[in-house]
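Chain lettering (A, B, C and D) follows the sequence in which the chains are written, and residue indices restart at 1 in each chain.
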């Protein structure tokens, strides 16, 4: 079996979700790597869009910024942030990847503050485009290492909407209908959301981890799917392309 | 501060402004990088259906897809809704074919300084067409709201007039200032046709000169047909993506139609054929003569190239180009 | 004294209103001629904007359409209709010229129908950009031949707002504050609007006409300014430039 | 259907969204075709005043007017309001100078993949700065509303989150669909600084690549300062007015500042200087070291040229250009 790190696994698993011909709004780092990997394996016609206005570039390397020149290199269009976000708001964008300092059982995300808003312990960047992508794109996914500090019962601040308080609360909130968190991919497992309660649910456990590990490293009770499988590890092909083509300088996979 | 609906127009709202319904459509729309080149005849047959709501790009007789308007009439579409946004010669052609029976009016029946179209007037006066009144900017804003995926957008026009009364707008108060604002409902056309200078086989488009409302129109419309003066390779698009005005994701059909805006103006390519546009206006005054005129210029033409041929062909286009580029001004 | 026709007079009078450095939203025909004349005499830095997106062109000749190529020939920018109208809505545009089949004592205009809306005697183009310009631009002016058919007690249809029902009705309507009709320039006289009632008021009578002529050719009672002057006729210079430079083919002045 | 305000954020609204007040300003703004060329020092002194609300163009460290941010700090502006819209290196510089005390937050204190800025964080955590939370698109939409001359614009983000709670947005119902919508108030900055590839002496501007939100920003702002990599003759602007992204009417000052976005990226010109940006981030961690760093790179530099000189000068810029244009990729 191939030797790989957790970042390589998360990126490989994420990339398999991006079917050919779908659209994805990505940021820098792992999400971009997942989209590039998908394009080079199963989804050559995956449409990549960047928040700042880059539409369908041929990424020559990992961008450092969602607004740097790589994001519109040999692109179909170098547009504006308004263009990209209008596409998302209009329902054109299927997937997005987001992250944060905290995530709760409904997939809500905090990238704003730890502690009090006015006098925080730690101030983070805030929404950026995350609340926008998370509100507008059909399916929101998260790639994150998992621990009890990150997976919490209660967020210090809800920056970006997941399923809000669960159940039908998201559709009642006024957010575009049919949107919401889809998959949470961690170093230990893959989770989705139980359709009625909208609570996070384990669907597969990564090689080398137990269900117990997954629950022990989560600050809230995780639901369990009826038949939990083992996450399919990165294939030789995925690892080769990831290491040689997508991220040869290990900017992202080096962090795994 | 209370927000309320103070007043609303009595005109029919022809299209659903609900962004969630539109989102469901756009979710299913194919955005794969695929070759979309086809004949205009094929594109109109495939993407313009009886009963559809249609919008025409450009500005009346400027960068307007005239060839597509002819083809719609040739294919005898019926019961279309039509966005009468800066509609002049395009409206004149579609009225001649009586292809629409619902009309959002911003500018109709006239050809600006050229005068009024008898054909368009008689058709609109006939009672065969349901009308709702708007303004050019109101329709632009309705398309912008649709492009933005929001059900309405506030504006400060229309107030106090019969244009408001016969519109489907509402008068509301601002939640921040308490001021009165018109609320304009989003407009998602079923299909738009836009004429451009150049496009690649996937539908990435460039055009030069004023955009009018074509970028919002391309975004707002469920289906988009592009007619292009000429095809260009995708490597040229990729060489300078800043020049792309409409990206391929939005486009369903790409049709190469040289002189596709004739007898209107195509910026930097050819000026309008004022003599022929006068011929349209004058022949309309005599129903028999106009029937003949339409037979010769629309129904008996297998395509736009034949129409151009019958009206002077390459020599005429050479003259119109010289006029457009002010060749002799130095 | 110079020999001239009524169109030449109206255009000359109108052009004098456009001070240097001001902005004007114009259509084809007489308004465009007035703006071109102003640029060539007193206001070289008059900013001309066209509805369809042409910003500050060097007009090589009279445009046939507000969207034809002449409207952005050697222009500062070839923008969009949204760009132009946003400028107007934002308060950037000082003047506009409008017209119509009917005008009433408050400067309201009809360019939509004569008769019933659903089954009109005559259908006209409708608002086009007139209601937009008339709502947004600070000062709206009209150039029109004057008769009782055109100057009516009651419009068949109010397409574009003037002072609505007079008094404070326009500012109460929600239209941008401080905007409204400014001058009405006819073949017989120049009118403004009495500040309180907002009713049309004669301020000068054109050479060759009497106050009586002006009232007799108006379907409603005109107010009279305290000291009504004689309209200053076109100067030799105005006529020369109008005839030789602005409209050599007499597209517009030929209709006078 | 009743329209109502269902909920509203508790964050302070720093700027007046009333379009009539803004209209009065724009009415008086000089739009004469006049030469506006001046030094950046002069432009900042003349058009950026203590207490102003400022917005910075570009995207964080991409086509961002870094030179102008340095000059604002050198001139020790205080009590500014700041639109923290995609704010990364620009925010880092302005935080180092502690020039602002009101912050509309969309993206702040981070430099994307490069990590967080200690300086920006400590400043925002200090309690010296009043904060209102938004999103990148929300600020773009607020600028768009201002550009459109309307007091608010509906949107479908923010709902149900603390981002909404700590914003100054309101939650309203749609007069057409009854759906819940966020109402975002117009944002008219007192002054905007935008970096472009080229401009003429009057302020007609061109730039290549993504526009981010700069066109709406230029329209929405009461005063606009342009820094340009290079000046071009007006005849070039007039040769192709389709390429004008910002027309002269909006612009108050034009400053020619070569490498004006350094150490950020300028598309097609030079890539970001990642080593120098790391030097910023690392020196921030030691207050004494950072003081020295700022003295050397900001306060002791008479202008941006000296800053570039001190960090590698023309040889460094040659390397960054090669990197930007992927010179060796063939």
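Methods note: contacts are C-beta pairs under 8 Å (C-beta built on N, C-alpha and C of every residue); 3 or more make two chains touch, one makes a residue touch a chain.
These figures come from a predicted structure and were not determined experimentally.
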item: Chains contacting each of chain A and chain B, listed by label; value: D
item: Chain centre separation (chain B, chain C; CA means) in Å; value: 28
item: Centroid distance [mean C-alpha coordinates] between chain D and chain B, Å; value: 36
item: Where chain C and chain D are represented by their mean Cα positions, the distance between them in whole Å; value: 40
item: Multi-chain contact residues (two or more partners), chain D; value: 19-20, 148-150, 155-156, 179, 181, 208-209, 242
item: Where chain C touches two or more other chains, by residue; value: 72, 78-79, 89, 136, 176
item: Chain contact graph, described as a line, ring, star, complete graph or other shape; value: other
item: Chains touching one another, given as label pairs in label order; value: A-B, A-D, B-C, B-D, C-D
item: In the complex with chain D, residue positions of chain B that touch it; value: 1-5, 13, 17-20, 148-156, 170, 172, 174-177, 179, 181, 183, 185, 208-209, 240, 242
item: Parts of chain D lying in touch with chain A, wherever the complex brings them together; value: 58-62, 84, 86, 88, 105-110, 112-114, 116, 121, 124-125, 127, 131, 133-138, 140, 144, 155-163, 166, 171, 179-182, 208-213, 215-216, 265, 267-268, 271-272, 274, 324, 326, 329
item: Complex contacts: residues of chain C adjacent to chain B; value: 27-29, 51-54, 60, 64-69, 71-73, 78-82, 85, 89, 108, 112, 117-120, 122-132, 135-136, 155, 157-161, 164, 169-170, 173-176, 251
item: Parts of chain D lying in touch with chain C, wherever the complex brings them together; value: 19-20, 22-27, 29-34, 146-150, 202, 204, 219, 237-239, 241-242, 244, 247-249
item: Sites on chain A touched by chain B in the complex; value: 20-21, 23, 45, 47, 55-58, 72, 74-79, 86-92, 94, 136, 138, 176-178
